[in-house]
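Quick one: the structure is below, questions incoming.
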Amino acid sequence: MAGSTTGALFRVTTWGESHGGGVGAVVDGCPPGLALDVAAIQHQLDRRRPGQSHLVSQRKETDAVTVLSGVHADGRTLGTPISLMVPNKDARPGAYSDLADLYRPSHADYTYDAKFGLRAASGGGRASARETVGRVAAGAVARQVLAERFGVEIVGWVESVADVRLGPDAVDEATIDEALVDAHATRCPIPATAAAMEAAIVAARNDGDTIGGVVRCVARGVPVGWGEPVFDKLEADLAKAMLSLPASKGFEVGSGFGGTLLRGSTHNDAFVPSPDGPRTRTNHSGGIQGGISNGMPIRLAVAFKPVATIFQSQDTVNTAGQAATIKPRGRHDACVLPRAVPMVEAMVALVLVDHALRQAARG
Amino acid sequence: MAGSTTGALFRVTTWGESHGGGVGAVVDGCPPGLALDVAAIQHQLDRRRPGQSHLVSQRKETDAVTVLSGVHADGRTLGTPISLMVPNKDARPGAYSDLADLYRPSHADYTYDAKFGLRAASGGGRASARETVGRVAAGAVARQVLAERFGVEIVGWVESVADVRLGPDAVDEATIDEALVDAHATRCPIPATAAAMEAAIVAARNDGDTIGGVVRCVARGVPVGWGEPVFDKLEADLAKAMLSLPASKGFEVGSGFGGTLLRGSTHNDAFVPSPDGPRTRTNHSGGIQGGISNGMPIRLAVAFKPVATIFQSQDTVNTAGQAATIKPRGRHDACVLPRAVPMVEAMVALVLVDHALRQAARG
Amino acid sequence: MAGSTTGALFRVTTWGESHGGGVGAVVDGCPPGLALDVAAIQHQLDRRRPGQSHLVSQRKETDAVTVLSGVHADGRTLGTPISLMVPNKDARPGAYSDLADLYRPSHADYTYDAKFGLRAASGGGRASARETVGRVAAGAVARQVLAERFGVEIVGWVESVADVRLGPDAVDEATIDEALVDAHATRCPIPATAAAMEAAIVAARNDGDTIGGVVRCVARGVPVGWGEPVFDKLEADLAKAMLSLPASKGFEVGSGFGGTLLRGSTHNDAFVPSPDGPRTRTNHSGGIQGGISNGMPIRLAVAFKPVATIFQSQDTVNTAGQAATIKPRGRHDACVLPRAVPMVEAMVALVLVDHALRQAARG
Amino acid sequence: MAGSTTGALFRVTTWGESHGGGVGAVVDGCPPGLALDVAAIQHQLDRRRPGQSHLVSQRKETDAVTVLSGVHADGRTLGTPISLMVPNKDARPGAYSDLADLYRPSHADYTYDAKFGLRAASGGGRASARETVGRVAAGAVARQVLAERFGVEIVGWVESVADVRLGPDAVDEATIDEALVDAHATRCPIPATAAAMEAAIVAARNDGDTIGGVVRCVARGVPVGWGEPVFDKLEADLAKAMLSLPASKGFEVGSGFGGTLLRGSTHNDAFVPSPDGPRTRTNHSGGIQGGISNGMPIRLAVAFKPVATIFQSQDTVNTAGQAATIKPRGRHDACVLPRAVPMVEAMVALVLVDHALRQAARG
């Protein structure tokens, strides 16, 4: 079974490589009657695209989205598949030709070749970060459904870059918003930390090297009851969504790995009455208990490894299986974290909207 | 969509609560012609069950498995659904009756009530750890397919309990096996560390408290090419499987969160020639690149929070939404880690066998 | 992908062969809070089972159902998987041993052998009509949901046996009910036609031969809006469900093949106003337009071929591929039609309840 | 769950309405390494499009296909999603404006409105026959896989138009090919019958009326073993695929409804030895036994009702629920049968290739 479709009821199929006519997504199952805000889709694509700041890859991808179907003449969704397309503009097929016979370390060149028997001639094909265009576009549709129908807000930010890390209470998760996050090119909302992160990114880039980090994300306003035990628990689908992003290596919900250091008496989230029903005093559960949202904010974190493309000489093998040396050139991010924020948010949105519809089906 | 089925081609549906006639699983899509080793299924269930050692819950669940279908008179699988059943024996419906009106903190009582409008009268229902019986039984079938058809071995162990942690090179991941792991009741293969873990568990239990920890797992012998980008990458399905386990809060593949502290020049896994094709000098990738296995061992870790049932008085609310106090009694684990090992291994097996078949479909 | 699960939201997985411990089904996604009527499940199984009348196979299968999970102590559904089991009682493994090396004509012996590399040693395995026990049990759950939540009634009957056929207006489809249908062992509700059908069945049986026929079914009370274009149109899922039944060879909705003889001016169903919204003057559409229910009764028909097991000598080949002769013995139906009625109804119920939930998900 | 995706392993998602930017399909799961013949895709679209002959609608849709992704620079498939797009050219939004407030009889206007709460302002939206462009394009990819990897040929033709019908042995199903079928605009391969069909179509058109008919289709070269009992039997998925086509009302495999008139002794297909393994003397089974292909040609038939758009005054209701009269104008087919042939073939191809991959997964 091919793996380019996600979601049970809000189903998204992405397509497209870094070469070819473009990239896109088909969203099947979007509720009808939504006044689709195409500018909001474009806005999220602009947050994802290369060239948006001095900190990220300077490739020129304007990533202008076209909505090909699924929308009424008056702009409302029809409930039929929404086809979203972004043409490829800045493809430079020749740019990779000197690497065609070499397997780039910690890239997917070798595994694609081994799995499929061939691979895209240039630019990483489906393993390219360009593949996430379709996710972000579809996620932007999902965010609109979540906001309008359920009042859900999703906000992500950069929590760490290498060893530069926000303090545990540095960010007020109840009020943080996109404007605060986007105020700095790093997408870290605390200026001093953001500046330190920027310095770390620039230092790595100056060394022809790369660094990783952690994105944190909250979803506020999620009602009680989303999540489908036992295999499709809400945190399970979130974990899958996050680990499907390029370069991600880890996932935490609520207390995560740190929670393993606490005793149950500290970790347990005591219930307290509220006008909206039971809420919890602490939120080590991360807004999910038994696989089902409990009315508290969903809290998660995603680890991204350092970008694999470094501008240093490295040992590798060629497609004939012989030892070789590789030294990439080109236009790549030294740190994917700033651009990963809208990707994480998009995937959170896709998971949440799907579970919203799944719970609605329960009638 | 209900969530009790997992897998695209090797499809497992689990059923059963802690009350009722039993628990079980239906495995649809098991390859035909496999000489099914029922004793091996029972063996994994024995590793999962309460009462197996002085360290875990003393509930008496013998968990004897019956194979109801899908097997030829000669013991080979028919390729048709394999129905596995374990009757419930030690159900004590009355044992929970004093808690029926209280929401146990960090349990799923409240979320199940809110989602479904009712919940099992006793013992946690589907949110009980008893639900994992079906997973472990099905996973034991998957392990047989993986071992016989592909030569894959899966070995998990306890890496940490609270702050008692194995050193980074303490375990030889190339040779560690179940016998070594099971030599100590903690399922930590290094005796000194195991003893410290045991002490920590006993100390927590003596305090009426609980502790968490981390399970690590390797899968050796996975060939190149398993995993289905972009949404069903191998690490994505592994992450989902792990976060679907009760009490899990985090997942790492390869370098995980620690990898975010490395630069790309250190983190990248240089390719080296080998008789079996390209392999990597290091394995920060955890055996997966671009969502596809690369021939190196799969490496992952799962964080489990401290058990929610503590024998201390806690604030909570009752089903009427009023503040209340709860102090559970009963027979519960102070630390789920030793029993979590076969659960993790089972879920890894289910994911791997499913991707094995998906790649086979590519023809 | 294995094929023993059906339904997107009301998901049913069946298991079991004619040999082994039993047959059953797991129903995942049943709405919670339904007071499950186990006697009603048993009632439908009794309508399906052999030995219920002098017209059908005299095998003694009591087919007593047990509900193993998914139900609260008070009898209401929990919203978790409902496991339904019927033990095998009258298995006679030896009964088929003389046929083990022969491929029975128009049975599935050869195709199962070719597909799986082995097959059940006796009785047809999953290709046995016994497999439908799980369908009928799960369908009985679906009927309860449909009746209680949506007011839907499903009634099937035998329309033809060989060339004995009900006249086009013989049955009042607005009022026909199970009591009328079951008043005669043939499940044809018009006594004179029923008697002629019985005579035809007895005549075939006396000749060691078999006959086929057509089951018609209506679903009344289906609201407007069920069905998911373009691939999961309501009639498409009904067609699939019907053709998945053993021995079925054809499907019609509404006017069916006969409708190809009409001109559009006759075939079109004129809309007429009604207090419940637009309804149609005629119902050539069979209650479905554009793949979506239109508020009129759903009307469909299913063709069943003559039973393949005849007690006459036939040419065949053996498992070594050599020409051979076969003459079965045993206890088989001369005509499957009377027992097919509850099977058709069950499958209609499974399709309808699944689409009810799918439309509910649209919110 | 939305319904615009079909297939388990060869997954096709179609999108697009009769208005908007275009129509298309994403094919996920196409085997890699296939030299994709884009001209062959265009050829099938040309067989489907309006305006191809004097017998069909004279709308001018050139339906030129573009392949946007999934193909290597050298033309081979990458194994990644293949995005196929056909822009809309001849949309005349105003053409339907006078019908916007009326529900066209036996169209999907009313059911779409009722289901989704709104519908496409013009031309039937997803219920338009234009939706089948994506199916035919994707089906053309499937046909290439089937032909090159498995040697399967699929040929459909018009068997009847109203009461003009081919004799039972008029067509040699072992040799009939597309050239013979396409030699006449009706797609009936027997000239005399084709001429009578043409006369019937012209007569209906001259009356402002429409007629229906039956398409027959064979698939030759299907190996033994495709089909997944019990719910995804090969004929079940074929039936679903056929009934998902616009205007289809019935489906038969093998002997179909006519087979209900035969006794088992006549209907049973005696096995005969052959160098390729057991084959059958007759083929009442239609190439499928127990839901699994048996090596004989797959034979099926699909009933299509008369086109709903007639140019006569009809009773209906308006969107306010009041009685009204409608008399459509425009450019519509008087008989969909000639254009239905490539649609049927495409859907047969999609089902077969999916089951080919599903069986390959069995390893």
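Note that the chains take the letters A, B, C and D in the order they are written out, and that residue 1 is the start of every chain.
Just so it is clear, a contact is a pair of C-beta atoms (placed from the backbone, for glycine too) under 8 Å apart; a residue touches a chain by one contact, two chains touch by 3 or more.
The model shown is predicted, which means the values in this text are computed figures rather than measured ones.
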| item | value |
| --- | --- |
| Greatest separation from subunit D - chain, by CA centre | B |
| Interface with more contacting C-beta pairs, comparing B-C to A-B | A-B |
| Computed distance of Cα centres, subunit C from subunit B, in Å | 39 |
| Centre distance in Å when subunit B and subunit D are each reduced to the mean of their C-alpha atoms | 46 |
| Centroid spacing, where centroids are CA-atom means, of subunit A and subunit B in whole angstrom | 26 |
| Residues of subunit C whose C-beta touches two or more other chains | 1-5, 8-9, 14, 32, 79-80, 115-116, 126, 229, 358, 361-362 |
| Of all residues in subunit A, those that touch subunit C in their complex | 1, 8-9, 31-32, 79-80, 149, 229, 357-358, 360-363 |
| Interfacial residue positions of subunit D with respect to subunit A in the complex | 1-5, 8-11, 13-17, 19-24, 26, 28-29, 32-33, 66-74, 76, 78-83, 85, 93, 115-122, 125-126 |
| Interface residues, subunit B side, partner subunit A - complex | 1-6, 8-9, 14, 103, 105-108, 110-112, 114-116, 126-127, 131, 160, 162-163, 204, 207, 209-214, 224-225, 227-233, 235-244, 246, 248-257, 259-265, 267-273, 277-278, 280-281, 284-286, 288-295, 303-310, 312, 314-317, 321-323, 358-359, 361-362 |
